[in-house]
């Protein structure tokens, strides 16, 4: 397969890509053409179909398509001039080639999450966790594939799982070092803290904000999802439910980061540290990995408001 | 009845008050005594029972009690020295004398709210509004009595109703002047915007933050309450539900004021103006009414970051 | 007439436009040419005169000019290559075609403003209002044509009138719902709140910040203008003058938005809500109208710090 | 004379003080009494008249009164128990003993200001300065006595003059070191930068915010005052007037400090440094002088957000 | 021993306390007396010596003194009326009774720190750590006794050690979970991150800000201390030195928290999380422990901008 | 010499420039080429070497090179197409032509600095100043050539000297007008306030942030440098050392501007005004000088958050 990050001006290709978006436009001279973004797991490619007269089958955004054409350069960027295009058949391609994915093994990470759930002592919290992560197969499938973000950090398949596990490990560490922490609440809060992202961000390959994501946000959606499920568990203690949902609502730590409540319990506070640390460390790690290995300084990063420097070995 | 704001040092009284709080304390010399806050609709009075030996019946905070004693002055404040105390009997007092209340007629205000509901055209929104305000008698009773705040503005019985009606009128005005606004969404959002306060603040006479109020807040609680009820209405359009709950979540206008989302629709935006204007105008009006009528300037107000000045007539 | 928003690459035109700006430049090779921006009510067009040798009459920025030439595309934007140009004669064009204008009827809106003035009871405030809006014909003419902004919202002819009327309606609504408000002060403050924009922004077709606008701003200029006029009205009460000018100074609500004083009176406070609501609702309405009707989400808006969503019907 | 800062519990006095405020109050037992604040240049004294029956002549706040009585201690503060009181006669007291005053000689400082005015070259600016500081005797008298603040820094008689001179010296220094600065504009802007304080703060002995001070503020008032006077000077250049008033409006440097405009000219920018430096240096100097000389650290200062330390000699 | 938190009004005592401060004052009637603050590990006691005539030996602040007297109540607080006082002799008291101390064993905690040092692989960093924590006996003694703050969190003997160890554990956890982290740099940065507090805060029993602490702060002082020591280690790599000191300078994470640099390396970033989490968790734990066990909510905490709630068990 | 700001499209040149940067890149078609930035004191020029086959001698960034080629225009910017290139020989060029420099005479300015040092009375401070500015020839040479910034203000050779002198003059002025200021401390603090820039920014022609500059910053580096030198001066008073270094640390005035401490002494406070005023006045002066002389308004300036206006003459 010709990965997008290896293409060069002048190359002629016949290859399958994911059509991420497709627009029907007009040139300034009034002629109709298609503008598309093609994607594989290594990047994004701008493509145009100037001549719609022949060999252009029907297809839509989010379809896998087989394209033939030549690479040109336009205003400093590569562009694919498509001569022929058709829908790709199942079996012609491997969907995994078209989406960025976690470097870590999904099953192994999920096993670690399950181990944490197995270690819970509070029966209500354990039942709540199992009702999603053990009994709800559809949920498990979706959770394992989801990203933790549209961009920024963990924006790849398995990203939500990887981030959730990272946060749980932090929480487990804190629970073992600060005696007053209620480990069960903290671990379950970590487990569910970003669960609302399943509704906030659509599944791969789209991986974009949904209607509900933009209007309601993953913080509210996650708390609401838990409230609904908790109602189905008989005798779930009311205070436990409130404190758990409080952790979800407060996990961004500050109102201006979208949490409608500041942390008021030790577990809510601890969760903010775990989430923040895992997210920012991963963000800096991704920035350093993306930099040119020859340069000690990888460039100014707006998120950290600083130029970022590699560590001495 | 001897109202608290009319009591003077040296007065001897035998009167019924609401016991807002009660503490069992020790003097520095080690002697046990009771310290209480008594309340009627005109104010709060500090009271002590120094001698617990006789004529002290059992009672708890939030009970109505009949007290006998004398008013003394301690460090510049009035204090009631209680000699005898007993539970008051139903019929001896009128609960309304003990709680601050809206100056406006509850039924009249509620009638105006119902008229707004009657004017709705969207059948789903109308059904949702009616399911609370027409069909749910228990809800109606609670809503009519509730305050809109522990303190600040509208912190009296009927305050939630008065504020809700004030916001609805603003919204009705805007809907008639800006054609693009969807009047039904805006009116229903106004109707429910502070509905979470029923769970955030306990009923009178307590009128204090609940556990859920502090951990979850009225913004989340209100949106959640609507989500639950909407699920019981067949075919309620999903987008309508999302946009309505978005209005609830965004009605504080800014993340730092506790809204997890900024307004993204015209109705959500309009609601923030109506809520903000009604709340702040009422706050300034209450401040001016509380000031000494002889003074043009009523004093520095932290909320408005300014000294407040009466208007020329 | 060929409106600018309908021109296409390759078109040859002979048309009259307003010359918004004109610069005498040199190419990198040292050759002199003219660069101009041409405007009509539908948009802006970049134009160049490369050959200055023949048929180029004298003209200046803000003149109406008749141009002949061909449309080309340069770095993704349309550009007019001018071959001939001359001043347009009065009668050849209709100035109204060259400036964006309110969709609403100017006279009708002005009539509504006059009705509000007629309803005033305080004789001094009424006289002040009439001295501008009834007796000063030159002022009336200028006020009716002015915009309320260089860009953002109401940046079209009649925009100042439309915004002023919108704010007055809000204020009239509030005065009728909150008894303590002095309706006359509030309405007159609304009437004059942006009067300084007549000096801050130049008239159409220029519609740009003036020297005084940049150095002094419409808030100061408006208050100063009123102070001057009030001195000509015998016995105008000093406190009334101060409270009225306070409303003008405080109408942006916060120091960081350019008001040198925070609102200290009920009318000053109410005015901030009316101004803010009318301005922001109009801003969002203009953003939604400018969006592609097919898309539910019209794109991220920096002003609202959110993607904007159309309401469900 | 017995200065207030030398009075002790138990002293019996018969002395003249300025009555800064006077209130007619009731004890908790319902008895009427007077509560007053007495002032001299060394401090403030709380005084009460409990028995209104005899020897209590009529007097008002801001009168000089002769009081007889005894000093007691109430809740840790000194209080004067007044037995007799009468209006003081002119000649019995020296008003200067009752108001804090600049340590520097008023005439000498004023002479320095006049020298700066004499050094101006621009005829319009010189005329403007002279119209106030040379021709307007009433203005001169008021300016020389005024304070620059109710509290904070330069809050004494002559304080406005001392601060104005301090700022002018800074400006003169900058004009001689940065060639591009227009010295005449900068010096005149410095001369008038706080002129609005004559209307914002009442004269001694009251020295409190006026109605206009609170509603309009010295920044607007000062610019308005100049605008009025400039209109009386024939042919005063419009741009000069605008740039001068711009300096006044912008002299707090930031919108959030009450300037409706940010500095846009070199003189406006330079003025902010001079004003800021003179005000803050004087504030710290006053704080150090007020501290106990034995302590190297004079205590936390909220204004500077730091504990303040004396310099090593 | 009679601990201060057990004393009651009316008690007569003869006991040894630490004299934290001592002032020579005058009553309002002009009589000289001493005002002192006495301290033991349970609290602070106000004490006065009214009669200086007999049996008052010389002593200074920070001396241990033997006092005889009676406890009275003044304006709601306990006060010791001292009749006799003398210097306490060494042997009469145990200094540890007079200073708050860590609940954890100092030697055990220090042993854990040494183990971390032993695990370092980089020879330069190991040598640097050992030069302080192994070879410098005076430093070790001082470090073990020091607090981590004047108040807030870890403000007790051993507090600096306890906090440093807590931060190191966090860092060790992160180094094992995020491969790109250089464990040696991170652990040594954690070890030294608050080392400047040895100069910023004086030793117990004083435990107050020093001159250098207030003027220079522990962030600069710590980095400077390392720079000096590093110069004594031959061939210490320059980049290692810079990155290590960068971690010290940046460990408050934000400029507004006193760090002159934002984190630019992965280790600097990780250190901010460890420091922040250990400090805030300990702060909330101390707040909950200080609250009344009967109350679920322990009261509003300004630091967390929230009422704090105990976790459900 | 052909200065860069005089080059035009189509020119053919053979000239010596400083090679500021050099990159080895590949075209989209895979061909290798060099991309360079060439610099002289008038500007920067983009240059490419497409054909690496002949006449291309070895050279590196920061070398002076002799280039032959032709100027073309690419996307609106000039680009030099290099045909031949070789290292320039010493003697062929004058380094001063290639670096922006102060308009003022270096020796004259340095003489003024020395005069200030000569005027110091405190022997320790004088010795400290002389140890750098008189005895350390290498330091003097470096100091005279250094810039005060990479860009913004004083970013030219001699800029550090010019800015330091400007700040000293301000400080001298303040010391003579505010008696309480310790002139020696203030002048020496001014002298050394930006001394850390010698380590933060590399020497011309590079003039870029160093590793230490980015990780540690000039504030820390300057204070550290002084601490080291002070240790070599016998009996240098500790408090003097602390207050002097405090001035260095606090000279940005606010924590969010990178000072780890707020000013706590009069000298530290005065220094912030001097540094701020000289820096910002110079910034605005440079902006006005860079503007088109024909325009009264020189354009919006992000730093001042305002359009900048020339003063009337």
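Observations on the model:
Note that the chains take the letters A, B, C, D, E and F in the order they are written out, and that residue 1 is the start of every chain.
The definition used in the following text is that a residue touches a chain if its C-beta (ideal position, glycine included) is under 8 Å from a C-beta of that chain, and two chains touch if they have at least 3 such contacts.
Not measured: the values here are computed from a predicted model.
Shared contact partners of chain A and chain C, listed by label: B, F.
Here the chain-to-chain distance from chain B to chain F, counted in touching steps, is 2.
Between chain B and chain E, the least number of touching-chain steps is 1. Measuring from the averaged C-alpha position of chain C to that of chain F gives a distance of 44 Å. Listed for chain F are residues 75, 211, 214-215, 239, 243, 261, 264-265, 307, 309, each touching two or more other chains. Listed by label, the pairs of touching chains are A-B, A-C, A-E, A-F, B-C, B-D, B-E, C-D, C-F, D-E, D-F, E-F. Residues 27-30, 75, 209, 211, 214-215 of chain C touch chain F in their complex. On the side of chain B, the complex with chain A involves touching residues 211-212, 214-217, 219-220, 223-224, 227-228, 239, 242-243, 245-246, 249, 255-261, 264-265. Within the complex formed with chain E, the residues of chain A that make contact are 166, 169-170, 173-174, 177-178, 180-182, 185, 237, 239-240, 243, 261-267, 269-270, 273, 276-277, 280-281, 284-285, 288, 304-313.
Interface residues of chain C facing chain A in the complex, by the touch rule stated above, are 8-10, 73, 75-76, 78, 296-297, 307, 309.
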